[in-house]
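Next up is a structure, given as structure tokens.
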């Protein structure tokens, strides 16, 4: 029994979906013409947990998996990755594992065919979130997609209440996916509700616009609003232009993207988050943490999967060392 | 055009359901044996708005009514009661008005046969809540039942966010009704979420237990938790034993119930809330406000309806003056 | 124990809904202005069973009622009317009794405000239809509305299969109500399916158009199609113009409407059906049976309720005798 | 434009689901350990249409596909197989393609992980079934699974009504799959309803038990009941013991299974049906048709897919010729 399972501490616990990615084995063609698919674990919070574990963090996961071959594959893969899975519950009502068929027509044209209707992860219930488990974490990483539907929504809100009660830092990865959300207003209500209670908020500029139910929002306005509430660090990503980190104390930091041979665009955000959080947890300064995030993202977009491709610390640090002046 | 409709201020705006009560015309027998029913407006927030208007407050209402004869009756009744109904929207998807058939077997044995499935009030959407309307209120009165289901739930959360943004005091009437809520955990999550953001919380001891998903909770624990967050006044009602008001500063006040000839138990809480809030708004001290609440409740339980029976100020004050030492 | 309950024969068994009618006590005004409602049993097949029992037939009923005061009222009323209710099951899943609030603005302007969402009668299941009970009937009277939704739809189809297997005559009262049906095509599929298996089909011209998913259909075409299958008698009602009965052998009969002081239009069809079937069962010829139907309908439209107002044989026969030459 | 598309005749039109099979590329291990899947068209009626077209029949298909890469793959594959797809409609409400992940642990231990919730094929509506298209067929092949849910259920019932009206022979492939059916009684109601209207009924003994909502049914009873209605030929399959064909005139024929190297058990029924119907359409006698069915099934179970593996006529005839005395 690991120290985690027996009551030790976790660097972070991620909560939300763990799914199956089915990546077209043949690249650079429409999915109608691909005949084989390779299976990986997927889903933003699962990927962040896997990425963190691969970097050496003690990671836990809270979620719900289907009672079938795909669910068991997910559990087995996460265990082998070193994640504590004692917070995983198994669905007993016949819900299936979420699927993402990925299509890579070209490095710029990637799309995903999602199976998200009534999937097991959205059926995690608040009574299945153990307050004692959450309190053992340094950080609780919440994925926005888990807020899309009841009862997963209430499970996450209960986890957030537990984290606040026990002084666990809350990290909110906006991770917006249009599927399952019903209206922009509903989305904005829950994104605002959780962002205002989080300590670290991470997302793309587009995702913050979703949170604000607005178009073309400005980082200054977003951060001014969030810093009236709990947030201490707000990370806003602008794609190839790089990313910005803002602090409640008024600091602004920027990281550029690293050059790489892009195969596809999936998985960049999750690898970014895991390396960024890793660096913060290891005591790096914010600017360095941004660089870890960027470097990790660059590595994953050059590889076939999102989870299996998560880099080791050495790879990230080698890339940072090798590109001391990132391209503008 | 009233000053309210043209942009003036409201003492309070209530948000939530407005329904139809069908009260058995024949008393003291099971409903199987009653043959006629009298129609009234009902629903906790509607009753509070009606009670407040009858006491002379400038009241507004935000809700959704069915596009049928019952919906039009509700709108007409509220308008005639002096409530601003510009925040009422009409359902366009065929949802019906909620119904409550009341049965008065004896003063102690009252029951309600509820029609609450897919009723119009639960379909109020967040985009139908006007932030500019909410900001014109001194108080926003939120009813817990409106949190039971989407999209009404998100409409209320959006109203709470608007009220916080514009410095409008939030009053949370727990108003717990078992229908439509799915699980105790879900209920507790949303009750806690809104109670922690409210300035005044009002409910029975049983309702606070629902909020805490616990049994036999203690007022001291409840208030200690709530005073860590936004609440300034917490009112906890203990039925015939009377009610308590607690303040963030540490004050505790108690009001006794007034003697009356009880006909039925319906409507006591709503008349309590409207008179209590009326007194606070008029600048009475907390102890006096509790007395107004108790007196108003005593009057309503002696009458046939909940809304139509709401007392005038003179009646409340006469009862208080006539029973200077309330029975213990 | 009655002979019916102990295994005797029934003249007819009706299957489908038994609901509550709430008739505005005040006439000739919009419902917004009516304040009291009188409660009656309602629903086409319940009314037909009540009408039949009042005429002296041995009637049974198969349906599902809510586990509440309204459900118990229905059961009690039907029992007192002399109907065998051993085929009634009680809903255990919290479904409510269907309601119909009636509005009588004028004899020509009547409307109904229906509560039909998720009502108990639509939850009758096929395993709750007892084949041995059905086989004891001379006729099975099926109401089209019971086909609107699963599992009531399958319960009726199972009852029809049982009736066919045991040589029980099937009477199909089209009884079309727009609520709960989803599309015209779906409606047409099930109406055709049952009509083709029935021996007697009764409906208005408009209802046959619904069955054919067509507009302005001709009686000749309708009957030509139906007589290719099981039907032996087809009754098509044309409102004030009277009604027609067609036989498989080629006969055509017409009945005129009887003069009366019309109070409202509700309930005419059900009283027509019960008197028409009564006459057939008592061995009257088809032309006489049509007259019984018309006379019974005329009596009910002059009275306040649909069920309670069902006439006795003497009343019907007195009206027929008193108006030997019906108005054209 | 083919003669079919321009109004010619079809040997058969199949109606129902067309899905995606994802067959584990690695055999003889649990799916948790398989990493790649190969994509095929699947679904009983699609397979029968593909099998028939491969045998040289003029085949059409009526169904609904998702508006995505999987849907377009299905359409393209069927077109290339020579099937007329003008009866295919594209879902516009975001429903997904049904999926079947197959697991081949050993030739005897095969299982399927199904994604059937809210899939596009179950949303075929009755107004999307063209009566003029159906009338052009010699046979309409109905799959029982399409009856599992509305509106696909009503679409099939409408197709059956159209076929009856225009003298098109109805073939009912019971094709029972437990997913999506709610209760045994509901299943039995619709299976009986369609079987009684079909001319040829094909299924396993277990499937006939489902139709009768009974256990351990006898072929004699099943056929006695069905021959009271429309059926002329009833085929009942008993797995390795072979299959029986019964005729309304009293004939009984038996076919034995052909020896083969079994890889998996999927797809046997569909290949059986297509070859059996092919033989009947080509004028073979019933005993020969049974042999064609058995031989075709034997070929498919030795191959990796269900659709792609459908044999040509020469293969079937070679197998029959090569095993003149099938094993008992």
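Which chain is which? They are A, B, C and D, in the order written, and residues in each are numbered from 1.
Everything below uses one rule, namely that a residue touches a chain if its C-beta (ideal position, glycine included) is under 8 Å from a C-beta of that chain, and two chains touch if they have at least 3 such contacts.
All figures in this text were calculated on a predicted structure; none of them were measured in a lab.
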{"item": "Selected from B-C, A-D or A-B, interface repeating C-D by over half of its contact pairs", "value": "A-B"}
{"item": "Inter-chain centre distance, chain A versus chain D - centres from mean C-alpha coordinates, in Å", "value": "43"}
{"item": "CA centroid of chain A to CA centroid of chain B, Å", "value": "41"}
{"item": "Whole-Å separation of chain centres (CA-atom averages), chain B against chain D", "value": "60"}
{"item": "Sites on chain C at which at least two other chains make contact", "value": "none"}
{"item": "All touching chain pairs, where touch follows the definition stated at the start", "value": "A-B, A-D, B-C, C-D"}
{"item": "Chain D residues within the chain C interface of the complex", "value": "125-127, 150-151, 154, 157-158, 161, 182-183, 185-186, 188-190, 192-193"}
{"item": "Complex contact set, residues of chain B against chain C", "value": "22, 25, 30-32, 34-39, 68-70, 72-73, 76, 96, 99, 101, 103, 113, 115, 117-118"}
